[in-house]
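The same chain A turns up in both complexes below, where it pairs with chain B and then with chain C.
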Partner chain A sequence: MASQLSTKQVFWIVLAVVVAVLPQLYRLPLWFAPMMTVVIAYRFYVQVKHIKKAYNIILMMVAIAALLLIVYSQGFGLSREISVTILITMTVLKLLETYRQRDALLVVMLCYFVAMTRFLYSQDLVLVMYLLLSAWVTTHALAVINYQHGSAWFEKKQLKASIGWLAMALPFAVLFFLAFPRLGSPIWGSPDIFGEGKTGISDEMSPGSIIELFMDDSPAFRVTFGSNNKPENNQLYWRGPVLSEFDGRTWTRHEFRRSRGQVAYDRQAAIIEYGIEMEPNGRHYMFGLDVVLNAPQGSLMSPTSTLFSMNKVNQLKHYRLSSAVTDRLYQRLPQYQRKWLLDFPEGLNLQTQIMIKQWQATDDSAYGMINKALNWFRTEDYLYSYSPPALHSNEVIDEFLYESRRGFCEHFASTFVVMMRMAGLPARVVTGYQGGVDMGDYVLVKQSDAHAWAEVYIDQPDHELGGYWQRVDPTSVVSPERLFRGSGNIIEQRRSFFDFPWLRQTREHLDRYRFRWNQWVRDFNVSKQQALFDAIGIQHRDGKVLAVILLSVLAASGALIFSWLWWRQRPRYNNLQQWYLRFMDLFKKEPAIYARQSAGMEAVTHSIVEQYPGLKKSVNDFQQCYLRIRYRNEQLTPADRRRLQHFFERLKKDVKKRYHSQSRS
Partner chain B sequence: MTTTQPQKPQKDNSVTAIELIIDCVSERILDKESAIRQVIAALLAGGHVLLEDRPGLGKTTLAASVAQVFGLDYNRIQLTSDMMPSDVLGVSIYHPEKQAFSYHKGPIFTQFLLADELNRATPKTQSALLEAMAENQVSMDGKTYPMDEVFFVMATQNPIDDSGTYSLPHSQLDRFLISLSLGYPSEAGERKIYSSTYLQSMKQPLPALSNAEQLLSWQQAVTRVHAAEEVLDYLQWLITQSRKHPHIQQGLSPRAGLGLFRMAQSQAFMAGRDFITPDDVTMSFYPVCRHRLLTDDGRLADEYIEEMLDSANLV
Partner chain C sequence: MSISKRCSTAPTLFKRLKNYFINRRGREALPVRLHWRRLYVLPSKPGLFFFLIGSTMMLAGLNFNNNMSLMLVFLLFGLAQVILYKTFFNLKNVVIDQVHAAPVFAGERYTLRLQLLAPTDRYQIQVKMDESVDTANILHQSGQWQLAADAEQRGYQPLPRLKLLTRYPLGLVTVWAYCQPKATVLVYPRPEQPCPSFAHHGGVEGPDSSVVQGDEMDDLRTYQSGDPIRDIAWKKSAQGQGTFVKKYHLKQGKELCFDYSQLNLKDIEKRLSRLTAWVVEAERQTLTYQLKLPQFDSGMGRGERHYHECLTALAVFGPGGVS
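Presenting the complex of A and B:
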C-alpha cells in the first residue's frame, strides 16, 4: 500500500512543473495557461478536500481532448513545436493522476525533459541560469518526494540532498558537454520553424521603423578587432541593406539583378581584419564595415555591397572579414540604374524642390550641393529627437523640413537622399548599425545602435569605374555626439519607462559574460572539440572514440559510487560475531544450515544437531562456551579465546571427519 | 520457533528439581511439554497465565497438576454470568452479637487460583478479579487484605467467538503475562490416554515436589538472571517492530516488554543459565504477544509474530 503524497510534496511537484513550463509559455497556444491553472487548482482541491479522484476514463478523455486541441491550434505533424507542446501538455495533465510516489517521480523526470526542450529555441546565458534554477527546483521536488520528514517548507536534510545531488551531477554535465559527440548541424535546427529573434534591421524603412530598434538594447552582434586596429567610433558604419526605392513614405530595397557590382576602394584606405559573432536575427543580412573584401563561406556580396547569408541566421553565427575602412565606394553606375536612383515622387514636396533649385543656381557641383544641404541642417533649427512628431501628410519631406524639424537618423537620411535626387544626384539610403560599445576586448553592437545614412554618387570620369558612392551622414551634422557616444547616451529623455542609465550599464556589463558564454559554451562546435581532444592527445575523427571515452568514464564512476555505497553499508562485526561467522563457515557446504545464519547461534546449532546427531557433543560444547562469553561476559578475554579456540578446533575436526566418512560411504 | 535445547544440568539442583516437576506434569498432560514449560516459566516469573482453548483439552488438569507438584494451595472458581464480585473476593458479614462486620475471604485468597471460563463472567466480576491480580490485594470496606506472597492465577477462556461470553478488553488481557493454547494432542499421545495405567494414575494426586517457600526463592533467583546489552537490544527491537508493523492494531506496551524480559529470564533460569540468550527472548515472544497483538481486522496476529521473529538478524 503506497502512501499518498502529502500537500508539501504536491506543492513542490507542481512548483517544479510550473517553473519548467514558464519560459515556454509565450509560445504555447492561448488555451494552455488557463488549462494549467485549472489543472493545478483542481489538484490542490483534491489534496485539501480529500475528495475522490477522477476516474481513469475521464482522465483519458481529458488527455484526448488536449491532443485534439493541440492539433487544432498547431496543426498536425511531427514538428518541434508540436512535439514540445505535447510533452508539456501531457506533463501538466499528469498532475491529475499524480497521487503516489511512483507517478510523482515520473512527473519530476518529465520536468527535467521539459526544461531541456527550452534549449531547442535558445541557449542564452540568462536562460541557462533560469534553467539551472528550474533544475534545482525539480531536484528539490525529488528530494521532498524521497525524504518526507516534517512539514516545514524547507528541511535541512532535503535542501542538503537537492544541492548535493546537483553538485554531484556537475562534473558529469561538464564531461558530457566536452565529450559528447557533436553533430554537424542540430537535429532540430530547421530554419523555417525558428521562432525567436526576429528583430533587427529589416527590408524597409518608413517613418518610425527604426525607432523600434532604439528601444531594444539586446545585442545585434559583437566584433573582435585584431590588436590596436579598431577604427574610431565615428568610422564604424556597419553596412546593412541598401534602400533605393522611395514611394513618398517608405524606402524599400531594390536589387539590380543584372549588375555585377565590381567594387573598388581608395588606395589610402586602411585595411582591417575583424571577427563578428552575430546573434540570430532570422533574416539573411550580415553586417560588415564599408567595403568588405572577402565574402565568408555561405554568404554572398550583393551589388550594393551588402553581405547576405545563404541561410537565414538562426543560430549564433561567426565569421571573419577584412574591410577597407573608407567613406568612398568606387563602383560603376549604369545608366538605367542612375534613372532609378534619381527617382522621387513627382509633384510633391514642392517647397523643397524650389529651395533646391535656388541652391543649384549658385553652385551646381555635387559637393557644393552636399555641403549646402548639410549646412542647412546645421544652421537651421533642427533637433535630434527620439520622439519626433508624427508625419501625416503626403509631403513628408516638406513637412519635416519646414514644420516638425525634429527627427532622428531615418528622417535625416531619407530627407537628405530625396534632396540630393531633386538636385540631380543619384543617392540612396543605407541602413545598418553605427558605432558600438567598447567592451575592452570586443565591441558590442546593440539593436539600439541601428542607424540610417545616405550615399551620393559622385561622377569621376578619370577613374576606371567612372565614379564612387560618397557616404554622407546628415545625422552627424545635427548631432555629432551620436557618432561618439552611441544612440542611447545622447538623449536626456528616457526611451521607455524602464530605461535607466544604470540599467543600461548593467546590461552592457552583463554582455561581457554573455560574450564569454558564447565563446566557451554556445560556440563549442566540432572543430573546437577536436582541437581540445587533440590538445590532450586523443585523436578522433568521428564520435566513436568520444562515445567510448564517455561510456568508460560513466562505467568507472558508476562502479566507484556503488563500491563506495557498498563499503559504507557493509556489515561490521565485532570479535564475537566474527567467531560466529567462522563457526558458520564450517557449514558452508550445507545450504539448509548456512541459510539460517541470521536466525542466530542457538537456532543454527539446533538444526545442526537435528541433521547430524553425531556432532551433538562438540557443537553443544562450542555453543555453550560461546553463549556464555557473548551474553554473560560480553567480552572476549584471552583465556576465553583459548577455550573457544579449543572447542572450535574440536568441532572442526569432527565436521571434517563427518565429511570424510560421508565421501567414503 | 525453536524449542528449548536442554542444557546440560548444572550443579545447581534447582534445574534438576524443575526438570523433575516438568516430567511429572508431562505424565498427566501428555505430549504438551512446551506448553507446560511455558506455564512453569510464567509461574517462576511471577506472572499469570491465560489458557485459551475449547473445552476438554486438559486445561483444568494442567492447572491442578501444576498446583499439586508445586505443593501450593489450590482453589478453583467456575465463573458464570450470574456471579458477583463478592463471590470471588469475599463478603463482609454483620455480626449482631459483636455489633461489627467481619470479612469472609473469598476463593481468591489462595496461592494457585484456577479461574475457569473467565469470559463467561460479567465485566464487573472480571474486573474485580483482574484488579486483585494486578495489585496482589483486595480492598474491602476501607481495609486492604493482602494476598499470599505466592499468588498465581491461571484463567481459562473459551475461544472468543463463543456465544454467551463477555470478551475481555485489551487493557485487562494485558495483565496476563502469557497466553497459551493447548490444542489437540498428537494421535500417539491421545492413544495413551485410553490406557488403563494412565486412567489409574489420574485418580491419585501428584506428589508435591516443591513448596511455596522454594518457589519464592526461585522467583527471586529468576530476577537476578543477567541480560546482556546485546540481548536487550534484540528485545527492544522486537517490541519496536510490533509497534511499527502496518497490520497490527496496537504494539506491545512497556508492561508487555517487561513481561517478555521476565519470561526470558525465567526460561534462562530453567535452562540452568544465569544469563539470557536471544533464544530465550525468541521463545517467549510468541506467548507474550499472542493475546496482546491483534491484526487490523481483529484476528490473532500469529503470522505477523512469526514474520517479525524471522526478520531478526542475530549474527
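Presenting the complex of A and C:
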C-alpha cells in the first residue's frame, strides 16, 4: 500500500513528532538521534518515491531490535526512564507504518503524551512555553491530517485557527486546573521513582568534583526572608552534607543513625526565620542557613546539623526554618567521633606534616594553629581559580600546597581540614552553598554558588557541652570577594563558551518569573487548593460540592466557547442584504414564497405577483428600487435608504391590508 | 443493495425502531434547514482514542501530582470541547436546497446532484446515500455534491435517505443528520436488449412504403416472441422449419406505431421493455413514431420532447410505476 497521505501531511506529522521528542533527546540513549534521523529520512524518501509500506514482519523486527537496544542501554525494569524511552521510540518507529489517516491520527495524538512525559522531569517555565508550542504544532498536524485548506506548507489561516482553538481551551484548562481534586499522595509508585531529579551537591568530594556545579547557573533554591532581616552576604552559609572521612583523596560522609542532640549557641546571635523553596535534586539533603535550630516536619536533623528529607527531593519542596546566624555551635563531641575527626593518612603528605610540627613548636593553642594556617594561605601566593592543574599524585595536600598553589574552595577547605587534623584539632569539611543573588523579595541561590568550608572543634572545658564547632572558611582569606560577589563574578576568565555577563544577568532576571510561576502554578497542591476554596467562601469540600463546581466550570466554559463561536459564525449581511431579508420576512407565513428566498429577488417577486396580483404595484416598485441599487454596485447612500424605506412601508401596508381582507372574507 | 431492502429482509426490532425514529419526519419538501435539534453528535473513533490518551495522561499527572501535566491534559479536554462546538457549528443551519437527478433507464445508475446552502463557509461535509459518498465544502454560501445510486424499478422513484456528516476540523467528533427529501427520480423501463426488430402495428403508411407479402424466404424472418399473430407466415411455418413472420421493408419516412395492445406478451414489464427498446431505437434512427398505451396516445412525432413523453408514459404505466 502506497502512502495515502500528502507530503504536506507527512511533513506536519514528522514535525509534531520531532518537536515533542526534541526536549528529551538529551536523556535518551546515544543511538536514538541517528535512528530518528534515519526513520524520518526514510519516511520522506518513501513519500517522494511512492514506495509501498514495508512488510509487517520487517517492521516487527525493527521494533524488537529497538526494544533490545533500549534494554541494552537502559536496563530492564519498570522505571520512568525505560517506560518513557519505550513510548518515545515506539512513537518514532510508528512513522514507518504511517500510511493512512487512521495511523497518522494515532501517531499525532501520541505526541501529546510524549510532550507530557517531559513534565515528569522538569516543570520549568521556559519548558512550559516550549511544550505549549508543541501542543500547537500537534493540534495543527491533526487539523492538516483532516483537511488541508491550501497547498502552502504553512497555511496562515489554518495555523491561526489551531492556535485559536487552544486559546479558547485555556479558560477551561485554568478553571479545571484550580478546581480539580488532587491526591495527597500517589496511588501507585513512590515519588522517589517518578520525580524531577537533578544533580546538585553530592555526598562525596574529591579534587575537582565541585567544578561541574560552578558551570551550572540553574537555581538550587530560593529563600524568602521576613521584612528586612536578610543577613549580609558573607554570612549566608547554606549548610549541606558534612564530610568527615578522608582516604587521602576523597572525602565522604559518615552515616549517622540518630538525630542531633543538645546544642547551644551564643546568646547574642540573631535568630531569623525564613522560607525555602528548594528545586528538586533527587537526593535527601535539604539546605538551611548555618546554624539551623530545628528540623521542619518530614525531615531529620543529623548530628552534623545537616537536614535530611524523609523522601528524596524530587519535586519542588517548601519548608520554613529558623536559624541562628553564628559561626560557632556548642555541641558535645563524643570520644569515638573525635577519633575519626583526627584521622588522616599517616604516611602521606610528609612535607605538610613537618611544617605543622614546626608551627606547633611555636604556638600550640587552637586559635594559634588556625591563624597560622590562614596566614599561610594569605601570605604565600595562592590563587583562586576555576581551572587549577589536576592533582595526580597520592599526596594531594603536598602537591597543592607546594606545587600547584591554585584551586578553589574545595582545595582550600580540604587542605585546611587535613592541616588541622595533623595539628591534633578535630576538623571536618562542610559542603553547601554560599551567598546568593538578592532578587528583591527573595534570594536566589544557584548551583554555581556551591561552596565548601571547614569546621574545627575547639575544646572549652568550662562549658557544659565541652566545646564548640568553629566555622573557618579558608577561601575567604585567599579571595575575600568570593563571599560578597559570588563565585561567578570574581573571576575574569569565562567558564564556558556561552558564559557572558549579560546572559547571566538575563537568566537571573528571568528567575523572577520562575519564582512567581513556582508559587502560583507549579506548586499548586491540595493545601493551596484548600486555601483557594476558603478564599472564595466554599468551606465544605465533599464530593457533591466538588462535582457541582466541576460541572459548573464545564458548563460555564462551554457556554463561553459556544457563545463566542456562535457569534463568530453568525451570518454577516451587508446593508442591502438586510433589506432583502426584511422583505422576505413579510412573507414568512407563505411557505410557497418564502421557500424561494435563495432563488433571488426576481423569482420571489414573480411568485408573489402570481399568487397575489393585488400586490403587483407595490412589490414591483420595491423590486425596481432594490435592483437599481443592487446593480449599481456601490455603498448605500442615505437617499437610497430613504427610498427603500418608503417603498418598503407601502408594501408592508398592502400586505397587512391583504391579510385583513383575507381574515374578513 | 439498499439499506431499506436489507432491513426488510432481516428486520431486527432494534433496526426497525431505529429507522422508525430516524424517519419520523417523513418525506420533507425541500429546502430543508438542518435545525440544531435534528443534529446527532457523538465522538468518533479517533475521538475515543484522544479521550483514552487524555485519561492516561491525567492519571499520571494526578498520581505524581505533576501540575503541568494536569494543565496540559485539561488544555486538551478544553480543546475537545472547542472542537465539539466547532464541528457542531459546521453542520448547523446548513440548508438542503435542491436535489436533481436526470431520468435514467432501470438497471442503470443515476446521478443525484445536491445543492447545500449555508450563510457561512462550511468544510468537509460528507453526504451519504446508501453506499455512495461525496465530500465537498460550502464556499460562498453554496456547494454541490454528486451521488450515484442504482435505478432498479421504473417510475417516479423516491430518493433514499440522505445522511449529512461532518468531522471537520479535527476528526474527534462526528456530527450528522438525516433527511428524506420529498423528491423523486424518474426511472424509465429497462429497454429490451438486443433491440428486437420493429413489428407492424398498423400506423400510417407512407406513400412509397411497400409491404411485401410473399412466401419467399427473403421476405420472411424468424418469429420473435411478441410478434402479432396476423403477421405469421402460416404456409412457410407449416413446413416445420420454424415459425416465420412477414417482413416489412422500412424506408425513410416510414411512420411507426408501437401499440401496447397488439403486443403478444403476457408480462406487462416485458411489453413495456420491448416498447421502450423500440422507442429508443426509433429515436436513434430519427424515425417518426407513435406510442399507444391504454389511456395514452402520443401521436406521431419525434424529437427530444416526444421521446421523453413516450418514455415517461412507459415509466409510469400501470401498477408497476409508482407515482
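The rule we apply is simple: the second predicted complex is superposed on the first by the 442 of 665 C-alpha atoms of A that agree within 3 Å, B and C clash if a C-alpha of one lies under 4 Å from a C-alpha of the other, contacts with A are read in each partner's own complex, and residues count from 1 in each chain.
To be clear about the criterion, a contact is a pair of C-beta atoms (placed from the backbone, for glycine too) under 8 Å apart; a residue touches a chain by one contact, two chains touch by 3 or more.
On a predicted model such as this, the values are computed, not experimentally measured, just so you know.
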Per the contact definition in the header, classify A:Q353: touching chain B only (first), chain C only (second), both, or neither.
neither
Kindly classify A:T89 by the partners it touches after superposition: chain B alone (first), chain C alone (second), both, or neither?
neither
Using the superposition on chain A described above, determine whether A:Q123 touches chain B (first), chain C (second), both, or neither.
second
Looking at the overlay, what does A:L581 touch: chain B (first), chain C (second), both, or neither?
first
Compare chain B and chain C by how many residues of chain A each one touches, and report the one with more.
C
Touch test for A:S598: chain B only (first), chain C only (second), both, or neither?
both
So in the superposed three-chain picture, is A:H606 touching just chain B, just chain C, both, or none of them (first/second/both/neither)?
first
Report for A:Q624: first if it touches chain B alone, second if chain C alone, otherwise both or neither.
first
With both complexes overlaid on chain A, does A:S244 touch chain B (first), chain C (second), both or neither?
neither
Under the stated touch criterion, which partner chain does A:I145 make contact with: chain B (first), chain C (second), both, or neither?
second
On chain A, positions contacted by chain B and by chain C
571, 598
Write out the stretch or stretches of chain B touching chain A in their complex.
2-3, 5, 7-8, 226, 228-231, 246, 273-279, 282, 310, 312-315
In the complex, go through chain C and note every residue touching chain A.
29, 31, 46, 49-50, 53-54, 56-57, 60-79, 81-83, 85-86, 89, 95, 97, 117, 119-120, 123-124, 167-171
Given the complex with chain C, which residues does chain A contribute to the contact?
102, 105-106, 109-110, 112-113, 115-116, 119-120, 123, 128, 131, 135, 139, 142-143, 145-147, 149, 161, 165-166, 168-174, 176-177, 180, 182-183, 186-189, 191, 194-195, 315, 521-525, 554, 557-558, 561-562, 565-566, 569-571, 595, 598
Within the complex, chain B is touched by chain A residues 1, 571, 573, 577, 580-581, 597-603, 605-606, 609, 620, 624, 627-628, 630-632, 634
